[in-house]
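For reference, chains read A, B, C and D in written order, and residue numbers begin at 1 within each chain.
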Amino acid sequence: MSDPLLALRGIGKSFLGVRVLEGVDLDVLPGEVHAIVGENGAGKSTLMKVVSGVYRPDEGAVELAGVPRTFSGPRDAQRAGIGIVHQEFNLLPERSVAENVYLGHEPVRRGLVDRKAMLVRTAALLASIGESSLPPGACVGRLGVARQQVVEIVKALALDARLLIMDEPTAALADHEVEQLYALVRRLQRQGIGVLYVSHRLREVFDLAGRITVLKDGRRVVTVDAADTSAGQLVRHMVGRELSGYYPGRAERDDPGPVRLVVRGGGNRKLRGVDLRLRAGEVLGVGGLRGSGRSALARALFGAAPFTTGQVTVDGAPVRLRSPRAAMRAGIAYVTEDRKGEGIVGGRSVLDNALLAGRAIRPAWFGRGARTARVRELLAAVDVRAAGEDQEIRFLSGGNQQKVVLARWLALGPGVLLFDEPTRGIDVGAKSAIHDLVRRLARDGAAVLMISSELPELLGMSDRIIVMRDGRIAGELPAGATEEDVLTLALGAVPAAA
Amino acid sequence: MSTALPLPAGRTAPGVFVALALTLAAGWLIVTIDGGRLFSQPTIVSLLHVAAGLGLVAVGQTLVIIGGSLDLSVAYVISLSTLVTAQTMAGSDGALLPAVSLTLAVSAAIGFLNGLLVTKARVNAFIATVGVGLLLKGFLDSGYDGPAGETAPALVRSLGYQRVGPVPVSFLLLLAVAGAAWFVLARTRFGHHLIAVGGDPEVARLSGVRNDRVLVTAHVLCALCAGLAGIYLASRLGSGAPRVGTEGLYDLESVAAVVLGGTALAGGRGGVAGTIGGVLLLASIDAIFNQLDVDAFFKQVIRGVIIVAAVAVYARRTLRKAAF
Amino acid sequence: MRSSIAVAAIGALLALAGCATDEPTTAASGSASGTPGSGTGEQSKFFVRAEYDKELALLDATATGPAGKPWEQVLNPAMVETAKFKKPGPHKVCFSNAGLNNPWRQVGFKAMQAEVDTQQSRIREFVHVDAEGKDQKQIADINDLLGKGCDALIVSPNTTATLTPAVEAACQKGLPVIVFDRGVDSACPVTFINPIGGYGFGHVAAEFISQKVKTGGKVLALRILPGVDVLETRWSAAKVAFDKAGVDVVGVEFTDGDPAKTKKIVNDYIQRYGTIDGVWMDAGAVAVAAAEAFLDAGRPVPPINGEDQLDFLRLWRDNKLTAIAPTYPTYQWRTPIIAALRILDGEPVSSPWKLPQPTITQENLEGYVDPDMPPLHYAMCGCADLPGYPQRWK
Amino acid sequence: MRIAEGRRPPARILRSRPGGVVPILVILAALLVLLTIRQPDFLAPPSLMSFLGRSAPIILLAAGQYFVIVSGEFDLSVGSLVTAQVVVAARLIDSEPSRTWPVIGLLLAFGAAVGLVNGLVTTRLGVPSFITTLGMFLILVGAVYLWSDGAPKGGLTEEFRRFGRRAFEDVPLVGRVPYALLVLLAVAGLAVLLTRSDFGRNLLAVGGNPRTAELSGVRVWRAKTMAFVVSGLAAAVAAILIGGYSGVSFQAGAGLEFGAITAVVLGGVALGGGRGSVAGAMLGALTLETLFALMNFYGVSGALKSTAQGAIILLAVAVPSVRSSSR
């Protein structure tokens, strides 16, 4: 066995007296994919930031190839051969691929940026990972998400990274894109690059990783060989208990509620000929690749990017969903996939965030006390955990933020709930709490539409599944469909191609 | 995934030059009908002189705005620079180099202070530079009761009044400075980093860019440009003038010229070429209205409308681009 | 620094290439000699003893010229020959104006336009360029006007020192240049027209207040802006008077011409010193506000000076103030047109052309209060005989 | 909801919360102590009352500006709006007492209309508000000079002026209560009420994250436009008080926009939006006015005042931000 590329020895870190990391040991071998899993708040992100030089550890040492190093900043860590692929892409949409790849370490000739070299080298890097179709001069803002991810990875490779940190790299990818990423990671592995892979998705972890380290409350619980463990065991390590079942039960079959929402011939710039019926009490899953029109469907139903053709009726009455307000008035609520960007107001309190929609849609001078009381009840009902209702929401974990968002919508008593990736970036424990809530809402008579890129979630939660492709509904699947069924519809071809 | 052909990162010359051409054409027509001449040599010389003064400041302002910052202290830096220049020269050609160096050093120091306040002390650029402007204002108000010093005759002769055909030397200086700034943005690491910091400071930081250093440098360069503008004005005026910067509204006008040129106030997008277009557009409007003897107040109204309208047009374009 | 070398290099290169230049050959001159003051702070560098003495002497001089037309009168005339400028009319007269950004300049400019109207037969075109208070623009404006075939150029400089080179460049083109209001540091214009000037204004007001205030009395000096030459001159003359009279100038404050700020300052001074025995101001713009500050505080208005703006004159009359209003008459705007035509006729004109500068006192106050004109109109506009009066000024 | 253990920064008391009014209160108290040392009767009722009365306009402007800034925008046009209002009022009233009330109504409508245009251009045309309101500044100044031929015409009536100039006399305990102070208290009360209303809360959300607000049913463009309208209305009320206090002048509103923005920032409101309180903004304005009075009482040379002002602003803004980011 070769010497480790990276070794962490007893890393400890505190913020304002709160211990975030304590005595973490870890090593990564050349060509190894080492996965790190743990609930949100377990300290994964902080640990990654310590490795990539953003934070300096209070205790312990970071050793690279056996030499202890102290990084003065991200730049220093990069120079030492540590690359990081961020969960939220760190790219400048206005700049070209090459400019993004070489940002911070532009090749220089006689003191000036050598643009030609930059383009040539970027092209070479892209070719080396089998992405030579991507022009290095292209403007990053006009690339799709998957290709932006490629740029992000190339950016790390351009630094001759020996160690690559990947923080939730698949968060924004659809399933077939994840396959491409796997191929890429394996290629890197063969080049002897060590990968620190952080993910919530256990399937990926088992697909890729050689070893897995579980963090909990800032400490390392265990490091195991992937081959010697199971998902159930990992989850037990992460949450300290074994989750009985991933998904709550489905609606009773013989109890189909009345039709709540009907779309006929719905279309806009991203959608064509959408016909849809959504019943009270059911969870309708929406599958498909990213960009297939899943989110566009939810946004059209919520009036954020409205249908331009077709008719929509809610509870039998025709409605025009021209704006979120119109949709809200029709009893439709939307839990966005981009929680930080458009789900919460980070600097406002938990209570303000929960009251937001009610205040917007039914502004009032009187009776506000009753409304606030109702929202407080809902916050309790969804089991938000915070230091207090005055705490700024940005200090909450993703799962708790999502619960606040849910409370906001429940305060309006919506009949139709649209969930777009409701559990993205949420740790395992909170995830099943959200699942329970979704199911409970359906049971209480709400019509639920749920988009998910995670096939087990989609299959586990849905009473029916529609699959989107190229802006159309490619087909509908009953409960009990398989992952293969979904992929077949989503890709529009026999899945063997993947 | 998007199947659209990835286009190269856009660096097209902004529409301000189209507006400039249209303005000049329409202006020429109206002035000719009115019985005047827009493109007579003295008019062009005057136009280019006005453009040179504003342009020097605006080029510097472009740099800080691209970096996502702002400098509202430039008007006072200009006034101070004319005084430092003229007083150090005291009418002697021998003191030319020391005076110019001293002026630039003083300007750079102020830019450095602005930069430190914005980066290290994390004061919003608006407040920081207004505050520094107030500091300078107090110094100018208490220290000077009128024009002071005398610019070296050699500088007055060369930078102030010399021209090549209809083009004043000062305008050539502006072109040189603008060219240098363009070069810096396009071809130096600093330039690339500055655009990155303006586009997304977090991305820049995590890519290993030393944001603070970059922004401080941008502020120093901006103040240096304002200092150059001060030297030019000293060469034009023959002495230092403690109110020339504020009278000329160089703070707000330079920001207006920059945004007219298509540089986004939020940073990360834009360029020096557009700024020169914006400066020329403002100067042309000035010249045309001068020829027509239009009321200065009416001109101000028109100016306000043009600035807002131009930015609205840019905003429409980006909105359309961003839609879906 | 690199750029400075570049500047020098470009300059040298062009000098070698022998290109065209607009630069005047005669260098500007004229630095001020100061006299130290006391109690009121250091004397301004704008204070020139000889000028001061001359202006004070002019206050007592009698004017020559048509009676009742002070804009055509001259104090201590010193005629110069202008035969070389003689030209057949009608003429094109051009005017580079420092700005129109305050009521004084507005009232004056209207008088000038009206004067042009009365001379319609002799002036074929009147070109006006407004520099909007910017030195840099005025220099460019003058340069621009030189290419327009003007027969005479009138300049009202924004700043004396900084406009001198541009005016000299204009003189060299051979056309008659007439400067008024503020001067330039050059003898090249055919004549320089203005009333007695800042020393006279500041002196008259300060003398009045010093007389009314006992020795050791507390005087507050309110000034508009620092660094404006006319206003600096007024203040430097006032300093001399106050120092001589031994009054205690408790504060020198800048108001920015903002009446609200003025009232606040005066209020705080009243509170701080209990009483203020006199208020001197370098311009009339905020005189009303200063007086109101006393009225609002329920105190008598101390001896105060203003200018010939009607709002102050009305307040003075209605509240029976102890006041004086030295003036800087707006009728001087008529004179440059008259002078330009005389010069183009080859008639001799006085250089400098010193206009009388009347002072409004308790005795002649009634003659100047006009209930029909707007509050910020200047009584000394000399415009009652001009076409369009009074509508044009309303 | 459960109040959770751990996971929160514990030393909350030590961290003066960003957007809180504590720092500005400390500065204000310090200035008042310095002032009373020099002028012991400054805090006596008659002097204090008149000080508060004359400070009312800038406090009102700061309150108006607060709404715009907290929604994530700027309003640079308020100063020119005040000037325009005063000049327009004088010309329309033209010393005719019966026109006072109609003209006051008109001024309020004018202020709201300018705010509306600012808001619509900013939100509907996507022009950054810095540019929109800078353009509006140029347009208003130009237009008002153009309309009045460069010299204000007409005159204000005593009826109009009393709001800014006169006071209730012989009030027990305090003596004299300026009308301006009453107007201030009324408007300040309204402003506080407005920030606590659903509109005010949503405005904070708009400034904090406009996309979230939009997707929660807040009409962001409308909320921001309303904020500009509020600022325009505040400018109208301020103009009525300033016109009353000091009469007609082109200088009536000069520089007030910077004063108001500075005051708001001093009061702990974040430029960029989403944070701060209207009380802080108004305290910021009061602090600024106290600073000016302090300099008058200490006899700081007229010319050096701006230096002192600049230094104090920079210190007041820089010190807390350096402290809070010391991690």
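Keep this in mind: a contact is a pair of C-beta atoms (placed from the backbone, for glycine too) under 8 Å apart; a residue touches a chain by one contact, two chains touch by 3 or more.
Here's who's who by UniProt: A = Sugar ABC transporter ATP-binding protein; B = ABC transporter permease; C = Substrate-binding domain-containing protein; D = Autoinducer 2 import system permease protein LsrD.
Quantities reported herein were computed from a predicted structural model and do not represent experimental measurements.
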| item | value |
| --- | --- |
| Distance in touch steps, counted as few as possible, from chain A out to chain C | 2 |
| Rounded Å distance between chain A and chain B, as computed from the means of their C-alpha atoms | 44 |
| Between chain C and chain D, centroid-to-centroid distance (C-alpha), Å | 36 |
| Whole-Å gap separating chain B and chain D, where each centre is the average of the chain's CA atoms | 31 |
| Multi-partner residues of chain D (each touching 2 or more other chains) | 145, 150, 301-303, 305 |
| For chain C, residues contacting two or more additional chains | 100, 226, 254 |
| Pairs of chains in contact (touch as defined earlier), listed by label | A-B, A-D, B-C, B-D, C-D |
| Residue numbers on chain D that touch chain C, as the complex places them | 39, 41-42, 47, 50, 54, 57, 90, 145, 149-155, 165, 242, 245-252, 254-255, 292-293, 296-297, 299, 301-303, 305 |
| Chain B-facing residues of chain C, complex | 1, 3-8, 10-12, 14-15, 17, 19-23, 27-28, 44-46, 99-100, 127-130, 132-137, 139-141, 143-148, 158-162, 164-165, 169, 225-229, 232, 254 |
| Chain A - residues contacting chain B, complex | 54, 73-75, 78-79, 84, 86, 90-96, 99, 103-106, 108, 111-113, 115, 134-135, 137-140, 142-147, 155, 177, 269-270, 289-291, 305 |
| Touching residues (chain side chain D, partner chain B) in the complex | 74, 121, 125-128, 130-132, 134-139, 141-143, 145-146, 150, 258, 261-262, 265, 271-272, 301-311, 313-314, 317-318, 321-322, 325 |
| Of all residues in chain D, those that touch chain A in their complex | 1-4, 6-11, 197-199, 201-202, 204-205, 208-209, 211-219, 274-275, 327 |
